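Right after this note come the structures.
The two complexes that follow have chain A in common; it is paired with chain B in the first and with chain C in the second.
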Partner chain A sequence: MKQDNVFLVAAALATLLLAALPALDAPFVQSLALSCLMYAGLAVSWSLFSGPTRYLSLATSAFFGLGAYCTAVGLAHLPWPLVVIAGGLAATLFAFLIGLVVLKLRGAYFAVITYGLGELVKHTITHVEKTWSGTVGRVMTETPSSNVVYWSVLLIALLAVVTYVRFGASRYGHALRGIGIDEERAATLGVNPMRVKLAGFCLSAWFAGALGAAMAVRWTYIDPNTVFNPFIVFQTVLISMVGGPLTVGGPLLGALVFSLLSEFLRLSLPYLYMILLGVLLIVSVLYLPDGIAGHDWRAMCTRVARRWFKAAPAVEPPHE
Partner chain B sequence: MNTISRRLSLQAALALAGMLAMPGFAVAQEPTVKVGYTQSRSGPFAGGSQTTQEPNYLLWAEQLNAAGGLNVQGKKRKIELVGVDDRSDMETIVRSYEKFMTADKVDLVLPPWGTGANFAVAPVANKHGYQLVAPTALSQKLVDMKLPYYFVTLQQPKPMMQALVDMLAAHHVKTVTVAYMDDLFGLENIGALEPMLAAKGIKVLDKKSYPLGVKDLSTMLKGMKAANPDAFIGITYPPDNFLVTGQAKEIGFAPKIFYTAVGTAFPIYRERMGKGSEGTMGMGSWNPKMSKAAKAYFDAHVAVTKKEPDRWASAHAWAALEIIQQTVEKVGLDRKAMRDHIAKTEFDTVLGKMKFNGTEEVGVPGMVGQWQNGEFEIVWPPARATAKAVVPKVWN
Partner chain C sequence: MNAYLFIDLVVAGLVTGGIYAVVALGLNLQYGLMRIMNIAHGEFLMLGAYLTYTMVRLTGLSPLWFIAPMMLVLFLLGLLLHRLIFRRLAETSPNAEAMEARSLIVGFGLMFIAQNAAQLTWGGGMSGQPYLDQAVHFGEVTVAANRLLVLVVVAAASLALVLVLKRTLLGKAVRGMLQAPLGAMLVGIDTRTLHPACFGLGLALAGLAGGLLSMVYELTPAMGEPYTISALIVITLGGLGNIPGAIAGAVLLGLVETFGMYYTSPSLKILISYGVLVGVLLLRPKGLFAR
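After this line comes the complex of A and B, so read on.
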């Protein structure tokens, strides 16, 4: 508990520092930070549900796209904060409806169906737009300034972090972990798995929807193919897995490393970029199953040292 | 040769190389002109970007640098292209252009590929006062945004559809069936097309839309075959062009006129469809037979990039570069002056005279092209035609 509070204070301080970034008047640094914060928010909120439960959800793109579409429709009629909140709520509502059905599945089936539902939403929106509004792409002309977008995304990312920590420490958080370890046992111990999973899934969806709603205005024009982009969910899952979804530091670290690394690689080694990302994923899945943040580095170092220096007398790791 | 003299000659060579490499040693070298752009080398936009747009950028820089550089009000300055892959991702595109304009402070920016990407970048460029002359953006909505620093060289849906309908009327077409893609491009074109068809008294027997990424259109085509129209109009993109052409042949749907929209003018359409491409009509603007300038452009494109340009937007990409080149020669790199010059000047380009009315280029009319013996002939309007239309299409 105490540790959590220290972390939250640190997060609040970091947020204050980041909030001052527009004062630098460096739009590129700011847009790099924006992209980093977006993925931090997405990865933390994804980990909130998928980390403890081990349900690999690929619905993030659908949530994100729904939020973005809400902005495209609502921006002209609602004030900005309401637009963002509504984008999140649309994603939550969708998560609730599909959650009632898909949360009964597990493992690969759950992953595949959440991905498939994303495609379903994409085509549904295309059909609805075509039939009733006579357009598929939507143009947003009166958009908030880039600083407002940046602060909004920063705030949502901070909220995601606070929620991750608070939710994780709550009864619901414990119940989610229990479900991840053994769903039947959790049920016999008095947890209602459906209710708990649904709560986690819906909560996690709100953040992805709100982030989509906040980011959409940066592109002026959106259509189903750009906002329901599978790239977003793949990147989110990659960040969370490499960082480690079981601690809040994992996805944050992953988002930071990935955003900077992928930008650097894209600009300087464009052809190696995809290959390196692929290798990184394989390495982290094989050797760091709990991610960078969740990995027991000390044990690994000891093991490696033992293997390499077999001839030398084995050194016991110091005990505290 | 002994060691010492070998070492000496090596040192001399290195020193010479060093001196040559030093700026300002022999001739006072003008600073390079930095040109920033993103193109899609990966992701779903890569096919279009790498056929129509980026080869032109590379060709342009190479040609200019071989001739001493870009003429900036009388001074030749080498072009330095800063081109990066945007992964077909909107946020990456916006971020990259923000970097070019604010952190790198490049001298010029060239636009990304595709309507969506242009929508995303146009306001950013406008905000920072960089002009963009875009070859691959197709939307009345984008034109209607009236961004002062944004220009499009490609014909918009209205002139393209008008040319098609005029051509159909000239061939006494009475009935058509229409297939279109479920996106802004499809809807804007169909929106322009329907009233024009009605005005000429051409009846639409069947109208169907399909989603992006469709894998089978045979049911739709069978329905159209049953309707037995004079002409088929497909508001399509690649790879649907291949699909619709191939499946029409398979089921024996053989209208007199067969029109598929974007990407029909790509050389790959001719290569993939082989004989099936013969007689297919589509959106186009030019071919190497049109003029000497067009032939010179075609030959240079093949020589440098090792591939043929497409017979529609490639030349619009080249024309956009010619417009920038002529502007910089006249007014230098002052961006406000460049914008004003582009907005009010008539330019000589590979496609003939070009001139902007706001965002939209109004000098080049809408056209219809048709594959005939391996070349995409312009068959409409008569003033620009390089061959007569072959009607009915050959369906062997």
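After this line comes the complex of A and C, so read on.
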């Protein structure tokens, strides 16, 4: 409890510092910080549900894209904060509807069906736009300033962190972890697995949708292939898995590292960057199953040290 | 409906379904035996296609010469990948669900690596060289010779695999592992040899499909993805580890897609595939033929 509060105070201070960033008038740094905050929000909210339950959700791209499309449709009619909230709610509604059925599946089936549903939504929107709207993408005029977008994303990311910590400490958080360890046992102990999973899934979807809604205006022109890009979910899962989805610090650390990495490598060496991501993904799954933050580094150091000290006398021959 | 058009569509559906069958059989073995949800399976099809294409470009010989050596290369690649990645993954995963989820992420990693390596090696544009694309006439029905060849080869490959599984001692061992992994080990089946071999066989089969496709279609680094999705649909339709079920499912999906595209529009192909996948997973997650 106390540790959580210290962390939340630190997060609030960091947010205040970051909120002052536009005063520096450094567009490059600000855009870097924006993409870092976006992935921090996405990875923390993904870990909120998928970390404790170990349900590998690949629906993040779908939530993000739905939020972005809400902005494309609603920006002309609604004030900015309402647009962002509505984008999140659209994703939550979608998560609720699909969650009722897909949360009954487990393991790889759950991952495959969430990915399939995301692609289904993308292709449906493409088809609807082509057939009835007579267009593939949408142009947004009268977008809010880049500072407003930055502060919105910062606020959503902070909200995601606070929610992760508060939700994790609540009865629901304990129930989610129970489900991740053994779903039948949790059900026997009085947890209603469906209700708890649905709550976690919908809550995590809101943040992805709101982030999509806030980020949509950065592109000014959006089409289904940009905002429903599967790359968004891959990067999110990678950041959370490498960082460690069972801690809030893990996804934050991962987001920082990967946005720096992608900023400097993705433009100059795009294919090599993707190959590197693939290798990192495999190595982290094999050797750091709980991520950097969740890994027991102390045990590993002890093991290495013990091996080293045991080997040491053998190297020096006894002289007598 | 015109009878010739009907036959045309059936042949096209069978060719597609046959390719799906070969791809799905490999994935079914990997998933059924080792719980490896190899989402990069289609990428090995792509590698097979590009390898065949490159050899034909370099030598000018018929692609048929290179299919068998290319399958051997992919088989060896499968052994290597199993040794480097999946053996450790199986040893460190606490249960089957964890193995599935972790192998899925590894699969995404392999997909990134394979697609982007192909992009660096062969470029992002389309490449291809049609082989045997003249028409063959059967009375009023016209079929392209290469499609007929594809159909014959995939049918022969599927039949051969089914016969090996049903009639030989080796096949019996594999079926035993599919039914009861622990029991198979107890009666002395050497899973440490057979698992890598079956994983490699899956890659070789995907490569076979790729090599055949390189004679018919154009190649792109992302060409494998739709086949992964189709293979997932097929093994869900046919049921996990059910080899005849997978073949039936593949032919069914091929026909549904071909007829569905003809009566709606080609741009709906992906929509139809994902629709079928989601529908099957929701309604019959244990497969169409489950009792």
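By our rule, the second predicted complex is superposed on the first by the 299 of 320 C-alpha atoms of A that agree within 3 Å, B and C clash if a C-alpha of one lies under 4 Å from a C-alpha of the other, contacts with A are read in each partner's own complex, and residues count from 1 in each chain.
As a working rule, a contact is a pair of C-beta atoms (placed from the backbone, for glycine too) under 8 Å apart; a residue touches a chain by one contact, two chains touch by 3 or more.
Computed from a prediction, not measured in an experiment: that's the story for all the values here.
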{"item": "Partner chain in contact with A:260 - chain B first, chain C second, else both or neither", "value": "neither"}
{"item": "First, second, both or neither for A:274, with chain B first and chain C second", "value": "both"}
{"item": "First, second, both or neither for A:12, with chain B first and chain C second", "value": "neither"}
{"item": "Partner chain(s) touched by A:108 [first = chain B, second = chain C, both, neither]", "value": "second"}
{"item": "Partner chain in contact with A:215 - chain B first, chain C second, else both or neither", "value": "first"}
{"item": "Partner chain in contact with A:97 - chain B first, chain C second, else both or neither", "value": "neither"}
{"item": "Partner chain in contact with A:301 - chain B first, chain C second, else both or neither", "value": "neither"}
{"item": "Partner chain in contact with A:181 - chain B first, chain C second, else both or neither", "value": "neither"}
{"item": "First (chain B), second (chain C), both or neither touched by A:123", "value": "both"}
{"item": "Touching both chain C and chain B, counted on chain A across the two superposed complexes", "value": "123, 127, 130, 274"}
{"item": "Chain B residues touching chain A - in the complex, by the definition given at the top", "value": "41-44, 84-85, 87, 89-92, 94-95, 98-99, 101-103, 115-116, 119-120, 122-123, 139, 141-142, 145, 182-184, 186-187, 209, 211-212"}
{"item": "Contacting residues of chain C [partner chain A, same complex]", "value": "31, 37, 85, 88-89, 92, 96-98, 100-106, 108-113, 115-117, 119-120, 229, 232, 267-268, 270-271, 274-275, 277-278, 281-282, 285"}
{"item": "Chain B contact footprint on chain A (complex, rising order)", "value": "26-29, 31-32, 35, 38, 123, 126-127, 130, 134-137, 139, 141, 143, 215, 218-221, 223, 225-226, 229, 231, 263, 266-267, 270, 273-274"}
{"item": "Interface residues, chain A side, partner chain C - complex", "value": "54, 56, 101-102, 105-109, 111-113, 116-117, 119-120, 123-124, 127, 130, 234, 237, 241, 271-272, 274-275, 277-282, 285-286, 289"}
